[in-house]
Structure formats: structure tokens, C-alpha cells
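Please read through the structure below; I'll follow up with questions.
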Amino acid sequence: MHPTSVHDLDFAQLDIGREQRQGLPEVVYGPGKTSEQISAITAELLRHNSGPVLVTRVAADTAAEVLGQVPGGSYDATARLLVWRPAATQDFALTVVSAGTSDLPVASEAAAVATAVGLAVTAVHDVGVAGLQRVLRIQEQLRESDTVIVVAGMEGALASVVGGLVGCPVIAVPVSTGYGASFEGVTALLAMHASCAAGLTVVNIDSGFGAAMAAHRLAWVGRRRA
Amino acid sequence: MHPTSVHDLDFAQLDIGREQRQGLPEVVYGPGKTSEQISAITAELLRHNSGPVLVTRVAADTAAEVLGQVPGGSYDATARLLVWRPAATQDFALTVVSAGTSDLPVASEAAAVATAVGLAVTAVHDVGVAGLQRVLRIQEQLRESDTVIVVAGMEGALASVVGGLVGCPVIAVPVSTGYGASFEGVTALLAMHASCAAGLTVVNIDSGFGAAMAAHRLAWVGRRRA
Amino acid sequence: MHPTSVHDLDFAQLDIGREQRQGLPEVVYGPGKTSEQISAITAELLRHNSGPVLVTRVAADTAAEVLGQVPGGSYDATARLLVWRPAATQDFALTVVSAGTSDLPVASEAAAVATAVGLAVTAVHDVGVAGLQRVLRIQEQLRESDTVIVVAGMEGALASVVGGLVGCPVIAVPVSTGYGASFEGVTALLAMHASCAAGLTVVNIDSGFGAAMAAHRLAWVGRRRA
Amino acid sequence: MHPTSVHDLDFAQLDIGREQRQGLPEVVYGPGKTSEQISAITAELLRHNSGPVLVTRVAADTAAEVLGQVPGGSYDATARLLVWRPAATQDFALTVVSAGTSDLPVASEAAAVATAVGLAVTAVHDVGVAGLQRVLRIQEQLRESDTVIVVAGMEGALASVVGGLVGCPVIAVPVSTGYGASFEGVTALLAMHASCAAGLTVVNIDSGFGAAMAAHRLAWVGRRRA
Amino acid sequence: MHPTSVHDLDFAQLDIGREQRQGLPEVVYGPGKTSEQISAITAELLRHNSGPVLVTRVAADTAAEVLGQVPGGSYDATARLLVWRPAATQDFALTVVSAGTSDLPVASEAAAVATAVGLAVTAVHDVGVAGLQRVLRIQEQLRESDTVIVVAGMEGALASVVGGLVGCPVIAVPVSTGYGASFEGVTALLAMHASCAAGLTVVNIDSGFGAAMAAHRLAWVGRRRA
Amino acid sequence: MHPTSVHDLDFAQLDIGREQRQGLPEVVYGPGKTSEQISAITAELLRHNSGPVLVTRVAADTAAEVLGQVPGGSYDATARLLVWRPAATQDFALTVVSAGTSDLPVASEAAAVATAVGLAVTAVHDVGVAGLQRVLRIQEQLRESDTVIVVAGMEGALASVVGGLVGCPVIAVPVSTGYGASFEGVTALLAMHASCAAGLTVVNIDSGFGAAMAAHRLAWVGRRRA
Amino acid sequence: MHPTSVHDLDFAQLDIGREQRQGLPEVVYGPGKTSEQISAITAELLRHNSGPVLVTRVAADTAAEVLGQVPGGSYDATARLLVWRPAATQDFALTVVSAGTSDLPVASEAAAVATAVGLAVTAVHDVGVAGLQRVLRIQEQLRESDTVIVVAGMEGALASVVGGLVGCPVIAVPVSTGYGASFEGVTALLAMHASCAAGLTVVNIDSGFGAAMAAHRLAWVGRRRA
Amino acid sequence: MHPTSVHDLDFAQLDIGREQRQGLPEVVYGPGKTSEQISAITAELLRHNSGPVLVTRVAADTAAEVLGQVPGGSYDATARLLVWRPAATQDFALTVVSAGTSDLPVASEAAAVATAVGLAVTAVHDVGVAGLQRVLRIQEQLRESDTVIVVAGMEGALASVVGGLVGCPVIAVPVSTGYGASFEGVTALLAMHASCAAGLTVVNIDSGFGAAMAAHRLAWVGRRRA
């Protein structure tokens, strides 16, 4: 870890060494930053790294301003994601399944980030366990995956069901949908941790981004070993 | 509601009118009462009512003392239940399913209380969703039930799965098994409330008794209408 | 459970088998869906099922758009409910009681959904326990019910009182009214679970819909047996 | 407030001025103190004050040791209370009602402390709202009280019901009985605060002592005015 | 309790018997009611009772509409209170103290309601314990009170300090001011319950109304005995 | 998923299909089971599967009884783990790092389970961030790992630091050590979810077992692809 | 503590003695006060004290109005701080480090308040532990500080890392940034309290002001001793 | 930070560089360590450092065993603290005040640790705010302190009162005494954070050790500057 692997932007200190350490440049978290700040950070990240540069949770108008200042990128409105230099798709099959239509934004972020960093993504929506035949009929798809991301709000039971069906890594993303006892995703987060399906792992509420990054770590170590 | 339908025992005021109002004498909650108190209450309930008399959550030694003082009852050690004058079994099919072996004590209480008040109970244990084929292969049993009680700790996902499979009433009982994020049954309780399966109802943590009583209410109104 | 009982709409997978399994087509949860999505789902549900089709928690302007695209339905503004093909009223007496005027929207949802699926509903408002004569004077109405739904915010004590007065099933709905220690309905939810009245069951906070669906399950099993 | 109204015992600083300020000597909280410490404190309080001296939550063996060292007192085992120089009973009618037999220890503490400081106490046990006729038949007793203390665990609904029946001050004491969603008295505490009965006040969980002291404040100001 | 002491307004059932039971007509909680509903309720309450009629937490524009429909009342904008037929001031000295300027709205509600029901109110603002001389210099005022209401947000320490200075009843009102660890008044509520000053009682967060009603109960019983 | 892949033991239904689905026979959770039950389950699992059979969280005396009835296994007292037929070590480098000496039991469970299922485990203890040089000097070890499990109680900061140092998958295990604001591991669990290091995943509190199973999933999919 | 050291403004009672007791006049908390109230308070504080007068958390438009009425002050828009008569910079080196760009507003408040009361402040932004080289390369700066304020949201791990690097006082400020499991700063607050770095102290969530005041206390006692 | 400043004990990695970085050798946290482990760690710490060596929260029997193996130390049973080579007392006046007799163990730990690291400690017990004259009469002592540690359970109001009386650093220690709404010290912790006294800092619940270490940091930086 070289102390010099930092680019100082006064309001931010870019971690220039991250691409070498982790196989991916630092990803920018959009909320709370002005379009000028995002543009300045993005330009430097593009200059100091060679891989994909991403900004998450960007509103459409901010995205337009940034793309005007830092050309060459593209914006995914559903995923609220800005991407420059997306990675070529590698041989790593990731399936993103979501329980209900309200989980779509988070599932979209997971799929878009994973695609941008080079994973081969298949998304299947609305397979909640209240109609169990919906998840049972995609068992083949699930079993051929290298990793499955399960996106679910309310009680999050889909994670347990999928976790029991497949042997590959399952990354559960609790979603802040639902009302009352859903407690903004806390119930799903706790339920996923208490799951009877062994070996599930969990990321933060609504963090489609975090799940995609966890999948990237899986793919990266596999690639390194290949 | 007659003000005189109370039998005053100094330390307790027995609700003598309950059998007429609700089809079942007052049930005694055992914890915190001495065997003398339980015996006194039980004797009076037997005298003032004609139906089954139950005491829940009784330790084995206390039960032996009470049975010595108030003969004619029987004790179920697994369910920790004392029963006098159990009701004849009526035509109401109740299935009690539980997710794991740790849920057995609560499932046993539900089954024993329901049997004592006259329901026709079938119990199926250890059908947690991590091995989904276990619940799928009892679908016929579930579909022929008048009511299903689902007993589950940890994340409680079995309630959602059963709730989606059948159209009859499903009463979910969260159990205080599990550790860490299970929070003594709170996670299961919240998850059951946030369930994507419409029309589930939920009772208190570990309350096999409460679930059986809810089933009794269902059967009672049906019987009244018949 | 036939894997083919799914209608795939890309953004949603309709559970076409639900009417056969549970006596009622899938009910659509409105929030987060566009009027186009609701219209598309509704049209398919009407085509693949024969019973009532409902959309819950729909704003007035969205409802108007949907009704323009899928004619034949009606909108209940208080309950925020869209209904097509309401069921004929069957012989099942449901009473919906609410504690205060702030509980009206939730009580209305319960009553409207229950009516749409064919229950015979009577609603009684504003019978909170601070003026106990209000609930005492409707005892006859309560005792003649097949099921009572109790809708109450704040401390939710009405559920315990009604639960002690009647022997039929009592479904408690905590409401997110009140302030401070009411904690958006959490206090009422916990209090209803901790109730001293045996055999109460509880649904999610503000879920008039869930309570009506639980009542539908009760009526359905009764009808099946008849 | 005189800086000199303190008696310094090294490990404790007795508030000698309290009797003058509040009409009652400092009351000793027993837990965590040795019998030697309790004896030393008690002896000084008896010396520096003229009114009743109380020690709360004392185990039987500790109480016996203290009474051996500081004669003239008496011990109430149910209330776990030591008292020296109890006050003469004044004209202030306090009723202590409790919901279930598990609430007896807390109700006993309230009654014993209130009696020791001179209030005229009537206690009525086991009048929980699941059998509403039990509280309705003591309405006359409640209405003739100067203050009512309501002791209730579980959902604490008795406080709301009593609060609606009478116009005098009602002090609610949540009790840590019950299980699951009772959360060691927290649910009752919150429910009592969220009560629909206006003008209830609440004290700490299990604090029969606190309720009795609140009643003493009421009586004291009345006496001062007389 | 006469079953006929109810006036049925369809959307509300007025508790006409309350004035006789509790010395004050039912008080109307404004939020969630239309000006038409408030006017209808108010008119009936004025007709069926003889004492003061109050509506709490009313916005200025709603208040103007109601006063246009039900003349003779007055509106206090700070306290957001509508009052008709305020009671004559009786001989009961109530002091309302508040800790900081942010506590003023709640303190104002307490003072205005208490004044409307006939208590003799003195209000002292901004005497938080960070500058202890502020509360010490009003000790005389506090000691001559029949009851003190302490209104405090943040950590609510003023309640403990006042509780230790006086012997009369102290009613603590936690306020939802502060940020972070203040948790919208929950910290103050818990701190007031855990107070080392014996005999404090507590009402709901921000409930100046509740504190005033508790004071009214104190005064009412005193008056009844006089 | 074949409905017949269940072995029915009356009190338990063994999921015989799990080894085929997930590469490992069902693992037995010890608490709440008698040694007879564990022996019966273990014998059947050994008979119906070919891979390793594990029982977690077994006390020493129970373990001795089981080994007497089901020979051929071994017991690890620190990890409280029973193992029969451990898997041959495969080429998958797992590093288990723990923050403090109190985290040892959980780290031991993770290491022992992972070893039993065939991973090549290196454990490094006591590298908490309060002495940052301890983790910095093992960077090489961490970077050469295929996966790192981070076991930490208190504030769990080690997970963030390790997550920032390496690009491979990092599985964080919160531990219930610490006191006060550690809240039995809840603070560490939440902190790990809120971590600024992207792509961390988290398992349940104290679940060394869960972390090892998550690592097994990673290795299994890699092996399948090889 | 002189009872007369209060200036009574009707709606507020200024603590005129605070400058003498604590080395700094009372600081005004802006939210909830009108510009007229702030102006009145500020004018009196300037008249009765000789040191700096500050108003925190003031919106820009309010600030402009106040400065129009009470000339001579200045407004820092980032820190939302109004200052009159800032103190001369004394020999006390305070470093404010923050973890991410979202922590800037809180870090700015800390730096601005500390500067206004006379501390020599250096601010370093965006040194979160996910890129550990960023904090390692400022070790010299940290070690030469008299006190370090660490401002961090999410999991707050920076506080533990800095706490382990330096021997001077470290004041941790949790920030309400992050989402999901960050719980508006609560996770960071708890994590900082559970930190493995001994001797950290913590202030309220988002309280840059509180941290600066704690630093002022440190400097003041040092100055007094000099 | 030298990577070599670690002494590796297999089960523990001693941070040998801490004395140089922070002016004090690593302090050993006793719970969960055997007397052999404590002895081994202590012996190495004594060998590699020159300053005081401390072990906290040690039971009496463990302490005796350790002292037998590592001579020269002493044990303070009240503080549960082992000390070797206590530091000479320096010119830094620390006052430890506690609110009630139940706070004594925590206050003793704070005082004993602070004394061992060389601070001049004065302890004053039982000055809770319910008898305010107790803290008012020690104002002189408080004002002459370089730092005050306030130890308080229940509602922790003493911290706010002391914080308002003095200008020096005030370190608040919440204590897990009290019952019910005290929530094992959580209420005191939150109340101390929400305190109206500016510039208080807070340490973990029951952490007399943490408060003493924070005081040591204050003294150390002062000494360094002298």
C-alpha cells in the first residue's frame, strides 16, 4: 500500500491504488455530490485507471450535466448508474432474481453494476414465494449460475428458498419495500441473517451495488486463479 | 355480561361466564402460580363449567402435585399441559406444521391444546424451506385441512410458503429459536407480519396456546352455524 | 402446483393458479406500479380468472386512468380500492369495528375488500374503550358475527376488550395513528400480540387488506365444507 | 436548600432535608447494598427525621439481619419492604387494581408503600379486561377513590379502561410479566402512554414504589391545603 | 355507565356521559378531521354538556372555518387550541416550567388547556439545567404550586431536578426536540421514567394536553372532596 | 427436486437430496437435540450420503455419547464440532482473521468447519485495528487468499480495513463479545453492513459455521467450473 | 452560582454567568427561533459578555436578517454558523479529519466553531479506511495535534483507526450519512462506543458543534493552568 | 508504525509499540482469558515496556493466580484491577463523581485506573440530583479540577448538571444500574448524548476504564506540551 497512491482533489482524496488492489477503480457514490464534484472525480479516475468507472445513485439531471462535462459515458435511468469504459463480459454467470415488482429498482442496480464490471447477467423478476411455482420453474437457470443475487423486501423469504435450491454462492439483498412490520427493510435484513439455509451472505438494505461488488470479488478471484 | 358471573378466590377472580360467551372455560396460565393456587382455581373451574379445563406451561413436579389434589386430569410433559375433561373430537381438521426440531415444544403445545378442545389434529415436523421438497410432498395434507398452524423460528419463511400453497386460514406462530439476528423470535414475528402471502394471521412468540385458541374460535363459529 | 400456471408479463409473473388454490385471483398491490402496468396486469387477471379482481392502495388519478383502459370496474376513494367483478354476497357475517375516527381509512379498506370478495359486512366506527358504553351497547351485533375485525391505533386496547366479549375469530389490525409512544402502529401491534384475550390473531400495521383476506380464508373453508 | 442538610456516611450522602421539602424522609433502594450499609443508613435516617423510614426490594435474609441491627421495624415479604415508624392513616382513599395474578408482587409493593406513608389503601386483584365484568362490577369502588393505581403487564389495556371509567387521577404501572411481544413490560409502558384515555400518567416498569410515591405527592399537597 | 349516553354522528359516537363521569366533556383531537366534522362534533358537545368544549391541535385555517360555523369560541394559535365556554378559574395553582425555547409549543398547549379547564396557571420558560441558577431562583414559585408540569426535550434532566426540589405532584412531558440521540423525544421519555426523583409521573411525548388533563384530574378530585 | 429425497425419522425429516444439490450433506445443528437424536440423524446421514457429516455446537459430554454410538468421528472441543469423513483438502486458500482473543471460539468454528469440508485454512488471531501494524504486516497473506473470513466483535472495524486491503471475497462475522454499546454483536453486524468497503458480505452473529458454509459455496462453484 | 446571573427576555432566560463559569458565553441553537428572537438574544449576549457570540444551524436567509439587525457578525454558509467577536487563535492544535465527502457539513461545523472560539484548526477530508493509505500518510499531522476530532458516518471505523494511531484526546462524531443499516448515524454512534481503541470519547450524532465545544473545554483548562 | 512492534504469543499479538505511540503500554482486558494467558501477556508487557501494566475486570481468584505467577503487582478488589509499576502521581487533578451507591463499582474502576496511570484522583460518591444540595456543596472541588468524570446510571441527569457548572472537560460514564426504562444503561447513554450541557463527551456503558483512559489522553497531551 503506497502512501503516494492518492490523488488529492482538496474536497476528496482519490484512492488511485484501488484498481491494482481490488481489480476495479474506486466507484463513486453519487448522493451529496455536485455535478462539478462528480465530473472532477470521474475525470481523474478515468485518467489514473484503465478499467470501468462508475457513479451510483445519480439523478437524471445530474447525470446529463456530468456526461456533458465528461464525455464517453452512458446513463441507465432505472439503475440510476453512470458508466464509462464498461468491462468486456467474462465467463461468469450471475443470476439476479427479485421477489416482487417493487424490488425492481434495486435489482436493476445490481444487474447494471454487475454488467458494467464484466459479469454475464440474467435477471428474473417477480418470483416471490407466495406463488412458489414461479421460482420452481426457473430451477435450471438457478442451478447453472455461478452466483445468485436474491433481491427481496417484505419478509425476504425468497432468499431462504433459493438458498436451499442451489449450491453456489447466494447473496441476499434486503429491500426497503413493504410497510408496517417491514420496517424499511430491517425485517428482511434480519430474516435473511436468521435464514435456515446455510451459507447465505447478506449485504446492506437496498444495496444492489454492494451485491454486485460482492459478485465481482467472486469473479475476480476466480479469474486470478484461472 | 352478568356482573355476577365471577367466582372470587381472593387472589383471583374466575371468569365463570367465559364458557357461555366463548364456548370454553377460562384457561389457566401456569407460570407464577403455586400448585395450591392452581388446584384451587382448577377445582372451581371444574365445578362452575361443563367443558374442558386446561392449565398451560406447568412444570412436571407442579403438575404431579396438582393432579394429587384435583384428580381426573392428565399431564402432557412435552406440551407442559394439564387437562381435565377433554372435549370429544369434532369434525375440524387442523394441521400443525413446524419448520425444525427446535420448534417441537411450541408445536406440541399447539397440538395438545387443540386436541383437548376437540379439534382433529395432524402434526408434521421438520419441513423447513431449506429442503423445499419436504413441504411440497405434504401439499395434499395441507390442502385438505380446515386450518393450518405454522410453527417456525429463525426467519419464519415456512409461513409464507404454506400461506401461498393453501386457501384455508393459516395461523403463524413465531418461535424463539435461533440465535443472533433471530432476536428471540422477534425476527420471525416481524417477517410473518411482512409476509407476501395475503391473509396470514400471526400470534405471539412461542404461543402454541394462542394459535390453538385461534383455531378453536374458527371451529366454534363453524359449529354454531352448523 | 403446475409450473405452467404463470402468465409472464416481463416485469411481472402473474400467478394464474392462485384462484384455484385459494378461491380468489391474485390481488394487485398498487403502490410503485404505473397505471399502464396496473392496466396490463388487471386485463390479464380478468382474462385468466373468473372471480373478482382487486387493486389496493390506488390514488384517485391513477384509478381514473386504469378504469379508462380496463372498463367495467369501480373505484372506492375512501378505501383506495379498484374492483372488477365483485363476488355475490355470501352468508358470512363480518363486523368491522374501529376505535377512533382516525382509524377510518384502514377500516374502510377492510370493509371494502371484504365486501368485494363476497362477505356480508357491517361496520361500526368510533367505539374506543375510553367510553366503554360504546362497545358494550353493540355486544349483540358482535356476538352474532361470524368474525370480527378490530381496527385500532394508539394502544389498541379495543382488541382485548372485543376478544373477551365474543367467541368467534377476532382479527386485530394495528393502525399507525397516534403520536409519540404510538410509534407508527408498533405499540398497537405489540399490545395486540401481548393481549390477555386468548386466541386473537394479528395482521400487519394498517393492513385492512390483510384482515379482509384472513376473513376470506375463514369464509372459504366454511363454504368448501358446506 | 441548605448545603448543610446532608449527612455524610462516606459511601453515601443522606439527604436530610428531604422530609422538610417533600413530606417524607429519603426512601432507601435496597438492591446492591449490604445489610451493614442498609442498617447504617436506616439508623441515621431514623435519627435525623421524624416520619416513616422505608427500604424497598429487600430479600428476606437481608431484612432479618437489618431488623436485628435496627430494631423496631417490620418486614412485608410479598412487597419485599422494610418499614419503621409507619404513618397514621390519613383520609385519602387509594385503590390499587391489578390485571392478573402475575401482577401481584408489584401491586403488593404499591399497596404496602402507600399504606406505610399513610394512605388508606384498598386492593383489588385479577380484574383483567378479558373478562370485563370483573372491572365493571367494582365501578363504585373505583369512583369513590381519590386516586387509582392500575398495575398491569402484557398489553396493559386495563389502564385505558379504568382511565375511561373514573375522573380521579389514574397512575398506570406497567409490569414485566408476559412473554414474547410483552418485551419485559416495554409494550405495556408504551401502550399506557399511547392510551386513548386522557390524563393517565405512567411510572417506570414494575415500580409499585414509584406509583405509591406519586400517590403520596397527591395526598401531601391536599393535606397541605386543608 | 348508561348505554344511552352516546350521541351517534355516523362517523363518530360522542361519549355524552363523560362530563358526568370525569368532570369534563369529551375533548376533540383535531388531526385527521375535516372542519365540517369538527363543527358537527363541537355543536353536539356544546348541546349535550354544560362545561368547556375543547379541540386540540387545530391549524389556523381550520380553526377559522370552525369558528365561522360554531360561534362563541376562541382560538389560541400558539397552543393550536379551540375553546368554547372556558371554565372559571378555581383555586388550584399549576406551574408549567419548560427547559428550552424549543419546548414552548408543548408548554403552551399544557398551559392553555389547563387554563381552559379552570386551573390557575403560571408558566416559566427556558430554565434548563445547563444554567442551574435559572431553576434555583424560582424555587419559591415551585414550592407554592399544587402541581408542577415539567416540559423538556433532549435529555429531560429538568424533570429530575424539579422532582427533587418539591413535594407536590410533578408531571413530566418529554418533548420531541433535539436531534440524533434525542430520538424524537424517546430519550427524554425513558430518562424521565428512569429518574432518580421518586414519584414523578410521565405522559406521552409532546402531550401538553395529556399533562393538563392529568392536572385536571388532580384538581377535580380535590374539588370533589372540598 | 425429488419428493422422495427425504428420510423420515418421525421427529425429523432428513434432506437426503442436499448433497446432490449443494455438494455437501445436511449439517446438523446440535442445540436442543438429545444425543440419541443426534446419533440417529448422523447414522442416517452417513448411510445416505458419501461426503462429510458434521454436527455443530455440541457440548463435550453429548459429543462423547454420540461418538460412542456412531463410531469413526472426531470432536473438536474449541469449535464444539463433531466430524465424520472429513473431505480431502482442495486447492482453495481461506484465511480466517480475528480481531481479539475473545473472538477465538467463533474463529475456531469457522476454521474447523471449513477444514472439514475441504478448504485449506490459515488462521491469524488478534489483529484488531487498535494496533494497525498487526493487520498491515499480514497483507501478503491476505492478498494471496481466495477468500478471507473476518471475525470481529465490539465495533467490527477490522472488516472494513481488510475489505479495503484485498480484492477477494470478504465474509464478515460479527461476534457477541464486548459490553454496553456492543449489544451482543448487533453493533458489529450493523457496522459491517454499513461498511465503507464495497462488496463485503455479512453472516449472522457468532456464525462461524455460516461463514465457513459461504466459503464452501464459493469453492464448490469454482470446483464445478474447473 | 449567583441567582442574579440571568437576563430575562420573557421567551428566554439568558445564562449571563456562563462566560465566567466556562470561559465562553452561552451559544445559541438556531433551529426553532425566529430571526427577531435570535437578534434579541444575540444583542443581549454581546452586551453582557466580552467573548465570542455564536449561533449554530442558521439558514442563510435567517442569517442575513439577523446580521441586518445585529451588525458586526459574519456568516459561514457551509457550517451554517453566525459569529460575532471571534476569539484570537491560541496555541492549541486541533485536527479535524473526516471519512467521506458526505461528512463535510458536520466537519465544517466542527472546524468553524473551533476556530471561532480560538483553536488552531487543520482539516483533512475524505480519509476513510477503505483506502487505508489515506489516513496512514497523515500520521505525522495527527501525532502533532493536541486533539483530533474524527467525523465519520456509515460504520465509523475511522475513529478506531485514528484512536489507535495517536495518544492525544480523540473526539468521535458519528454522522447521519449512509443508508439502510447506517440508521441515521446510530450505527456509527454505537460502533464508536464499542471501539477497541481505548479512551475515545463520543458526542451526539452530527454534532460538530459538540465536538468543538469539547475541544474548547480541553484548551480552556490547559490555558487556565498555563 | 513499525510492523515489527508486535510480540507474537500465538493466541495474542501484543502491540509493543503502543507505549511509544500513546504514552501507556497496552492494557489487558481480563474477561475470557485464562490466568495462564493473562500471566503470559503480562510478563511480556512488563518486559517490552517501561510504564504501568494493567489488567481490568479480573475476578479475585484469577487475580491471585496471576500474582503468584507474575510477582510485584497488586489487586484492587472493588475495581477488579491488577496493576504492576503504577505511575508516579503527576500534577493533573481528576475528580470522579458518582450519582448513587450502585454506581460505586464503575466509579471505583475509573478512579483506580486513573490513579495507576498517574493522575491525582479525588472521588465523591452519592451526589445524585434528587438532592441537589449534595452536588452544589462540592462546586468548589469541581471547579478546581482539570477534568471531571461523571458516573451515573438511571437517567444520568448528573452529567448535565455538572456539565453546566464547570468549564473543564467532563467525561460522562453511563451505568447499567436501575431497572425497567433504564434499559441496562442505554437510557443514560442516550440522555448524556442528548444533554443540554455543551461539550460533554461520553464513553461506553459501565466503562470506568474508558473514562480513565480518556482522562489519561488529556493529561498526556498536556504533559507533552509542558
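Read from first to last, the chains carry the letters A, B, C, D, E, F, G and H; within each, the first residue is number 1.
Heads up, the rule we're going with is that contacts are C-beta pairs under 8 Å (C-beta built on N, C-alpha and C of every residue); 3 or more make two chains touch, one makes a residue touch a chain.
Remember, it's a predicted structure, so these values are computed and weren't measured experimentally.
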Give me the chains shared as neighbours by subunit E and subunit H. D, G
From subunit A, which chain is the farthest off, judged by mean CA positions? D
Determine whether subunit E and subunit G, two copies of the same sequence, contact each other through the same residue numbers or different ones, counting it as same when over half of the numbers at the interface appear on both sides. different
Report the inter-chain centroid distance for subunit D and subunit F in whole angstrom, where each centroid is the mean of the CA atoms. 51
Distance between chain centroids, defined by C-alpha means - subunit A, subunit F (Å): 25
When the centre of a chain is set as the mean of its C-alpha atoms, what distance in Å lies between subunit E and subunit F? 57
Contacts with two or more other chains occur in subunit E at residues 1, 100, 130-132, 136, 164-165, 180-181, 189, 193-194, 198, 204-205
Contacting chain pairs - touch in the sense defined above: A-B, A-C, A-F, A-G, B-C, B-D, B-F, C-D, C-E, D-E, D-H, E-G, E-H, F-G, F-H, G-H
Parts of subunit D lying in touch with subunit C, wherever the complex brings them together: 99-100, 128-132, 154-157, 160-161, 163-165, 178, 180-183, 187-198
How about subunit E: which of its residues touch subunit C in the complex? 1-3, 5-6, 10-13, 15, 17-18, 26, 29, 31-33, 37, 174, 176, 185, 189, 204-207
Spell out the part of subunit D that touches subunit E in their complex, as residue ranges. 1, 21-24, 27, 136, 139, 143, 146-147, 164-171, 189, 193-194, 198-205, 209-210, 213-214, 216-218, 220-222, 225
Touching residues (chain side subunit B, partner subunit F) in the complex: 100-102, 104, 125-127, 130-134, 136-137, 177, 179-181
